[in-house]
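Here it is, the structure in full.
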């Protein structure tokens, strides 16, 4: 079969046809995957919300409202209700003080501000260092660690790895209003991730932002009307 | 026919990573774990096979002057398909591979094979070549990913081999990627010489 | 100040080659001599800035309004490919000396993923046009810095007797690794 | 509007624009490079050894494409095979060059040529030869420091520890001539490989008169001229007290080999001498 | 602070063992072998043949080119043969071999010891006499002196510098010549000044020869325009570019000759030879040679007829010591190692140095550790470590860019290198290759 | 008479050797070794011995079995790398980490390039930075001097003065408060502060410096330009705002400045060849060090600065050549 000649017409037509075919197929694939893509995005959020909140029977995602923090971040809040009563709120909070950029965290607060749980959504911290925040600020799972410890005690000595590593690191069940949510180096109550103080600081910063913004907003609206519906509208207006 | 040879060629003799040194960015960028390597490798392999096939089919219809742009469009189409599919069905992998998925377009292996092989050969051997190269590439990525994961965090495919604290963090980071690949290539060169 | 931060970050802290892993092929390929490294840097800077501007406009004026963001990859790469060729003839007409200096590197740039990478990154980072230009230019400078340093070391290594197995790519990668190791010191600067 | 439609329109527009632009680019940007250069380069061995006399394989390919006639051009690595392929591509005739091989024209082993002093400078023949005549009484012979071995890219040479002389591995030698250029003493020569690799040559380059030559090295050519007389084909000439065998004229009769009083003439790859000499003596008788 | 040159330099052990040994005259040997190439430039052409009878001072070979020289017989006798034999070059070269009979001198030569200070000859005559006397630089380079004395048109000479530095360790011949023939040197300098039409001359002498400095200062006061410049001891101060820098702070640009900065440099021995040639009509047939070495019984300075075998000099110094490993023609830094002691003394021979094994053998070569010591000692400001590597890897274009041709082959780099790298060996190779390339380019 | 030896000139040698230089540096490091033993006791001893032994062993093994060359461990460069690596580690550095560091220093930093003389980067620092990034926890716990003399990995740890200042400023403390938390300058000068085993005592390192200068092993250019640049740069910052930027004296006495400037930036192999180049190199190290210390994430940046400038050495060598003869003084007449 002879090769097609490189005339303007041929070139034009070829590229046009190829683009046409490419466009068509892409368009269809896009249509096909659009839903699953959105679904998977949503699923991720749902999972996070679920993880940081107690049992609820409403759809927090549909009752989403926005909060504006003092720093100017816009935080998303997902209220969870059981039998129509507010049992907690999941807040997607943010900080820019991370070791390398933004950190996004979903934190669940009880209506009084006590931390229920958290989930790190996005971060660019160093794997193995800053990334440890995903589990660091939770109660340590001691039993498994102990087991390991005994087996590896010689190696741990060789590598100079000390056990424990910050006894006071969990933020779960603490209320930022009542305890000092800073790393112990800065005079707070929480032990930082070893060798990643910056990330730890940023992490706690994000949590504090969520707490402060939430309680401020609550106090304000409480003073005014006492209904959370208003807050949502207020958020929308901005 | 030496279709078998076409296929195995890419696996070892002309392994894109260890001997041709093509597509270095994804090679280094995504191999912080074996899983990522595998994902990226398969994605690239898919694009390679498909674009090789299509290029081999349409090679005679395309005027020389627009050969490269046409190939790029073909490749980009498949890349976008992969991109969207991944995002839809394996979102976590999609996230960890990040920028490197769209960059498959410029991965020199893909265009290179389209140019050097598919545009001169029939569809069947082009597929085989694509598959060979793709699997070779995947193999390379997985080996490198596994090495880095093992040295860096004591795991392979996320399975703990030794406690993470003993790992050398560097290997998960940029410098470790270069160094690990450097030594892997040196070892492979050595094995080739003695073999 | 934000500009200073963007510049420092792009050149040193998040150096495109040494920490972002983009543009490695030319980094390894065109780094045997300092003079070619400098030429390549010039060409990359030129194309990277122009490509960033054009793709930025395409994104903002076409892809975003019609919400067909998924066409980003395919349209950007087409634009870059065409652009490189365009630059080539325009340069040839307008400034033959510049063409002499950069011309040979232009074809290599189409498949340099740094160009596409930077174009996509500017969109991801949500920069405005000026920031995008500053970002792409300093990224190119960072690329150049890494490339020239690397070429210098390779030229020096050419004159020593390396162990047999390490010659060529292995040693180049190890040097790149050590350079990246050194550059980690800039962490947190910006 | 339908996403698919927008997609199609955008992409087609992009594709069409690209095509138009590229067309004009292609029109204006026309640098003609003979495609045959690439074709020829592809069949060359890519050793870039310079044996052809050009800076590299590509330069050679260019030269071949430009040349009117390929005689005089030869790729020693690829040999006649490659040259005829190249000739086919270019539609030009090639006369196959006789295969050649490097020979070392010095037999000054440690026994044949006793050492008179010790060299203690940098291990390089060029440096030593710039300094003086060498460790032995022969100022022409091999210095044994291996510049030629260094120069060979094809693993075709090694230094024999015992003799202190370089040895050529004929199977690997592609006659690129790198060793010839490298040797400051002009000891190595490219000679016709000969039928069955058989060759006869004078393994000495000493231009001293007989007595000092012989004194310096027991197997030196003393310029006695006996070989010249015995050669039936006038292949041997004598100049500056040194015999030289023209490999184009030599018919490998081996008469000179036995004639040489110092055994300076070497024969390579011939079957063992005994039977032949037996026949010869028989004939004489 | 004493003057010295501005870049680099080293200070090896001086070992001037024979400094106090007065010049002795070595008896005329039974045969002499006079090589026809004792100078830079084209070899001379013999004009005698086997069997010819010659007198002391008779012309036996004449120049064969512009840069070449006359050669005279140093003895009287019969020409035995003209044959090839190994000379200082380490190769067999043509030499005229003469069997000595009696000691019959050319009649024109004035052999009286009287000092003649009047200089009747015109500059042109002087230069002609110098040329015909076969005088070449006795400082080691053996460059025909008359060429140096005739600056090319457009170039002007304003100062004559006399090289009495003798910076090479061990050697003392110039030192002794200054002490014993000071007056003759002074007149020689005056002759050279007249030939060059300059009014100033500086004699540079290193400070390790205080007696010579003192002596020369006293003598110089009697002659106009001659200044003695004591210099700090530093090798290679004797290199002419370094000496000019040290004495008058002018630097000869890369690739240029001293005349570029208006200077001409001649060795003290050359000045003495010039005196003898011009005032006494005596051609260059003998010179002072130092025979020395740590184990040598009687280190001495000998007045030797050219063509005398080295072995005869060694005999005069008490014979070859048992531990001798190397015989060097010249000093330890720049001299040439001889492969046999049967080599004739030539115009360029300033010393014979016998070195024991301990000092003479080189240590094994190691990798360059980039200590930059070679860079800091190089008097020309080069990068020897790099030049060596470029020469080793045959990268000639870069070697040329790195100014390999500027190297004066002083050996300071090899001397200092802690890794015992043969820097100068390779740089020399590089110079010859680059030189060839450059010449072929101008052609 | 024996057979004569013939070689090109020169025929004499200064007698200088690689060994002499390396052992000279080792001797110059002895005062620092003694101070480290005095302040950190057993820990310093274990770290030093482990490091030296593993460096020497790795060099030997790699040379013998991988490169198949004659091992040249006796030249002392491996010992030196080992000692300097040890000096760059906290005295409670655990053994496995030291061994990994030694392997990296010798294997990646030196032998991968073919050994002594070929490596573009300072091997000891390659090892140190590799460890710093791989094991940040272990590499940043600093035993307190004197108190921890009898302890090894169980030593009591505290922050280094640089760490105190960096942390303090990060959380917004006032400079005058911070100044009370760091040792006095004279303590720093004598080495009574937290830090890597060998870097603490400026006095001991300066004695070594004088020894090296006297023995002509190094020249003043690199150390003086590094220390001078750091002093001037931080001095300017200090003058501009003493509340944020601490005094330059503090900067040159703390961290690895003395050790790095005198013993590590001067490493022959990885520093420029010309005097001018050395000064550029030193200034570069100074500037980068201060930039990292003051504006970066790390409290100390000297190791990185040296490694980064090591990368610049080929360029410096290429573009900054020694002064050539004939360039200094223009000819009197053209």
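Letters A, B, C, D, E and F name the chains as they come in the text, with residue numbers starting at 1 for each one.
Keep in mind that, in the parts below, a residue touches a chain if its C-beta (ideal position, glycine included) is under 8 Å from a C-beta of that chain, and two chains touch if they have at least 3 such contacts.
The model shown is predicted, which means the values in this text are computed figures rather than measured ones.
Here the chain-to-chain distance from chain C to chain F, counted in touching steps, is 1. In this assembly, A is the chain whose CA centroid lies farthest from the centroid of chain D. More C-beta pairs in contact connect the chains of C-D than those of the other pair, out of C-D and A-C.
If each chain is reduced to the centroid of its CA atoms, chain A and chain D end up 72 Å from each other. For this pair, chain B with chain C, the centres built from the Cα atoms lie 21 Å apart.
Rounded to whole angstrom, the centroid-to-centroid distance between chain D and chain E, based on C-alpha atoms, equals 43 Å. We define each chain's centre as the mean of its Cα atoms; on that basis chain E and chain F are separated by 48 Å.
Chain A has residues 6, 11, 14-15, 18-19, 22, 26, 30, 99, 129, 155, 159, 161, 198 in contact with two or more other chains. Multi-chain contact residues of chain E, defined as those touching 2 or more other chains: 90, 336-337, 339-340, 360-362, 367, 386, 422, 425, 428.
Counting partner chains per residue, chain D shows two or more touched chains at residues 3, 6-7, 10-11, 14-15, 18-19, 22-23, 26, 116-117, 120-122, 127, 131-132.
On chain F, the positions that touch chain B within their shared complex are 96, 100, 108, 112, 130, 133-136.
Note for the complex: chain E touches chain D at residues 84, 86, 89-92, 336-337, 339-340, 360-362, 365, 422, 425-426, 428-429, 432. The touching residues of chain A, when paired with chain F in their complex, are 99, 129, 155, 157-161, 185-187, 194-198. In the complex of the two chains, the chain B residues touching chain C come out as 21-25, 27-29, 68-69, 72-73, 76-77, 79-80, 83-84, 99, 102-103, 105-108, 111, 170, 173-179, 181-183, 185-187, 189-190, 193. In the complex of the two chains, the chain E residues touching chain F come out as 6-7, 10, 12-13, 90, 156, 169, 241, 245, 249-254, 256, 260-262, 320, 322, 324-328, 330, 332-341, 353, 355, 357, 359-363, 366-373, 375-376, 378-383, 385-386, 403, 406, 409, 411-412, 414-420, 422, 424-425, 428.
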